[in-house]
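A single structure is presented below for examination.
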Amino acid sequence: MWLHTRCDMAFDISVPTPFVLMLRPRSGAQQWVAREEYRLTPHVPVHEFTDGFGNLCQRLVAPPGRFTIHTAAEVKTADFLDRAPGAPFVEIQLLPDNVLAYLLPSRYCEADRFGQMATEIVAGAAPGYDQVTAIQHWLSASIRYLPGSSEQPLSAAEVETQRFGVCRDLAHLGIALCRSISIPARLVVGYLYGLEPMDLHAWFEAYVGDRWYAFDATQSELRGGYVALGYGRDAADVAVYTQFGPPAYPNWQEVEVRPGAPPI
Amino acid sequence: MWLHTRCDMAFDISVPTPFVLMLRPRSGAQQWVAREEYRLTPHVPVHEFTDGFGNLCQRLVAPPGRFTIHTAAEVKTADFLDRAPGAPFVEIQLLPDNVLAYLLPSRYCEADRFGQMATEIVAGAAPGYDQVTAIQHWLSASIRYLPGSSEQPLSAAEVETQRFGVCRDLAHLGIALCRSISIPARLVVGYLYGLEPMDLHAWFEAYVGDRWYAFDATQSELRGGYVALGYGRDAADVAVYTQFGPPAYPNWQEVEVRPGAPPI
Amino acid sequence: MWLHTRCDMAFDISVPTPFVLMLRPRSGAQQWVAREEYRLTPHVPVHEFTDGFGNLCQRLVAPPGRFTIHTAAEVKTADFLDRAPGAPFVEIQLLPDNVLAYLLPSRYCEADRFGQMATEIVAGAAPGYDQVTAIQHWLSASIRYLPGSSEQPLSAAEVETQRFGVCRDLAHLGIALCRSISIPARLVVGYLYGLEPMDLHAWFEAYVGDRWYAFDATQSELRGGYVALGYGRDAADVAVYTQFGPPAYPNWQEVEVRPGAPPI
Amino acid sequence: MWLHTRCDMAFDISVPTPFVLMLRPRSGAQQWVAREEYRLTPHVPVHEFTDGFGNLCQRLVAPPGRFTIHTAAEVKTADFLDRAPGAPFVEIQLLPDNVLAYLLPSRYCEADRFGQMATEIVAGAAPGYDQVTAIQHWLSASIRYLPGSSEQPLSAAEVETQRFGVCRDLAHLGIALCRSISIPARLVVGYLYGLEPMDLHAWFEAYVGDRWYAFDATQSELRGGYVALGYGRDAADVAVYTQFGPPAYPNWQEVEVRPGAPPI
């Protein structure tokens, strides 16, 4: 399906503030960006680079005053997420070199502490895709999805204690559970068509059956309409904006995802 | 300055034909892509990746029949190219690791064969930027810039014999001369505002004074208005389209570069 | 100085166990590996790759039974660590792209939680190298270095609570403090000549004055004799061995570092 | 089989001369380096880095006077080269991203000029491995392998004209022929046990059946005993030494490859 995505943010900046943004969706195997807009007001010099995870990142220094960011895109994305019940667990020694890092614990995914819990959750499931499905079901059933409940990322351990969280929190716990049973998992940040309430979204992917598959414990079914902005080990790696110096939160943010059309 | 760039191509394809395209300008230190369009007709699946030189490349298989490619962008680029008379030669041992490859001979730049000629051309010039300027002047004076004179890339040795060539040919010779006196040099393909006749363009960059500087022997002065699409060792690495199988030339191609405006 | 390093490990393996090892020191700007041995008993197929931080990593599956690893090297390393009192803080916008990741919080370095503490610790120090020196002094004075006190890595927050730790623990807290005041910092694992008791060692590096400098809060002075095996954001990234499946600890490990000599 | 390799070189240097060496074999899927020595006399500072092809490269400046390089290694390598008659051609669109560059023409492999010749040579062979075998047979039959016949690399076109060449020359022509029929091919430089006369060696690899396979037109059969030092598009990328400034040839070079033994 073709989707039109839009994200607008406004910051009130007091001192010159370095930012790293990750707001340019990348064309890849799963999505094609046919049109894109990226506007900064006031316009400042931007340096763009590719980070260690393959994301396109924009570096800039926001000047004092009101600083607004406008991005929009026309993206072709899958109508339905690929599903693969039965897809097997990939033996560690057969994983591609660059997937290994997604087995390690990371800031918000203390994979080293969830071995026993994960083993119980996936009991009886065939190793691989079905285990991740069991984790997703457990998350949906056990952790209440409460949009807006937190501003800062929570770690998997914190989410497990608190028993509720935003999309990113559920994803962090799902990732930690996967990694603790040696299934590589990563965080994805982006857009989802039909999300209620509309906002930026986060979900996770697990590497089984020799490729990455998407999972999302916040949705009752794995429909399509996902647009990825960035990938990483957790929210520390993949944030639509990382800002340095005195905290600056957007005092206004608006996200829109609506049906699009192939550009003519 | 803000520029609006557009490139349209049409191919008549007889059998399914794999293509690698390099038509998505990348935001970087020198340019900012504020709006972009990329349209394939018919629309086919595309896989985008970053090549070893940092270019965004699009892989696809063009189906039989007419296949058209439309790209357009709104880009902020420098009003004037940076110039640095006197910028010094960088000792080999001080070059960044990833610049070393630009000293080696490559398909169309037989740097191993131009040592004596280069030494004569740069005689008297201070090592570094001024040597490259001498090479640029020699090219302008000695090799006639003849747009449309060749379809296939010529190597530096062929250009030196023939004494005329398209922009890419002059750049190849300039690169070979630079490398032969141990100055790293690379080919850039992209757009130039005001080019006559309008077309895709190629120029070269040399690494002196601890950074890359642009040079263009086809223009009487180093004004601004350049938009880069890709970088590489020579035209083998950096081609707006590389096509596999039976040759397929665009039977129609149109390039436009006009003053643009910051997107509102 | 020339050093001879040796590390021997023995594991009792019950089921085939995938390992990722990081026991091959890499020659680089700071050290030169003139001779090296790497022996696995029994010998099993090994696949070596370079991870995202530039480390040489060895992948293998250890078979059931006793599995031993022997590595030894003859390395030239600096007699004295470079020190640079007064080296300035590097503005975020001027950091190299690939250094940015070392500003982010990571598994064992919750940099997002130490802003206030770090600000107090570095009060009065000139931004940059001197701030890191202040952090190192604070660590030496406040966190007791207690070799052997922990087997598993502790996070900076845990170390700060516990007030003692192994070399890695002190380094984690030092890294978190640096990052919280926007100084990039990373963990180094390797050898140190004269370490008491002799063992593998960990220290940290901070990026100030446009390069990485080493710091080590476990030593009373910054003498030389360091040999690096690997770099990373924290102990999750850089471990001399990462093992998957049922835990397998070395039931025997021996490390030796003694004066060496240039190979003849 | 275990092999002991040794390469000694001596240069008489007149002015400080920057070198890039590629003399450290890398452990990988195909070989395991169990012991290694690398000695420079006089010892000078060395900076080691990984190039764009994954090779470990050593940068240094040789001082005036006699400069000697000694490298030796104990390497486990395959007893027999993998062969795969019938392994299929890989469709361009299915090639891994990082293999695409090995389809392009390069300095010494003018793949763009051998389409017709290659088509004739492989006539009747099944697309893929068998085509490369046909190319190898044609090389063995048509181009005389004449060790010592050239010092400088020749390009495929030059070799085709001259009809004789060193190992590297035959490999260049083989690579150009493969690429011209859309089979990725690359140059390998290293050692071969039993080579007559003993020297450094070069051969080529082709990507068919989803992996790289080795081919060597200088040998009557594809036995094992190969140790790779480096990979690249051709001899411009992969040279055991690249030297800058006034030419400096080794006035003495000795290569030894003999049966080795697992280090004890």
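In this document, chain identifiers A, B, C and D correspond to the written order of the chains, with residue numbering beginning at 1 in each.
In this section, a contact is a pair of C-beta atoms (placed from the backbone, for glycine too) under 8 Å apart; a residue touches a chain by one contact, two chains touch by 3 or more.
Worth saying up front: this structure is predicted, and the values here are computed from it rather than measured.
Both subunit B and subunit C are touched by A, D.
Note on connectivity: the fewest steps through touching chains from subunit B to subunit D is 1. Distance from subunit B peaks, on a Cα-centroid basis, for C.
Computed from the mean C-alpha positions, the centre of subunit A lies at a distance of 43 Å from the centre of subunit D. Subunit A and subunit C, compared by their mean Cα positions, are separated by 30 Å.
Taking the mean of the C-alpha atoms as each chain's centre, subunit C and subunit D sit 36 Å apart.
Residue positions 49 of subunit A each touch two or more of the other chains.
If you draw each protein chain as a dot and join the dots that touch, you get one closed loop, with every dot joined to exactly two others. Working note: touching chain pairs come out as A-B, A-C, B-D, C-D. The touching residues of subunit C, when paired with subunit D in their complex, are 24, 26-29, 32-39, 43, 45-50, 54, 56, 58, 76, 262-264. Residues 18, 20, 49, 51-52, 59-61, 91-93, 97-98, 100-101, 103-107, 109-110, 112, 152, 182, 236-237, 242, 244-245 of subunit D touch subunit B in their complex.
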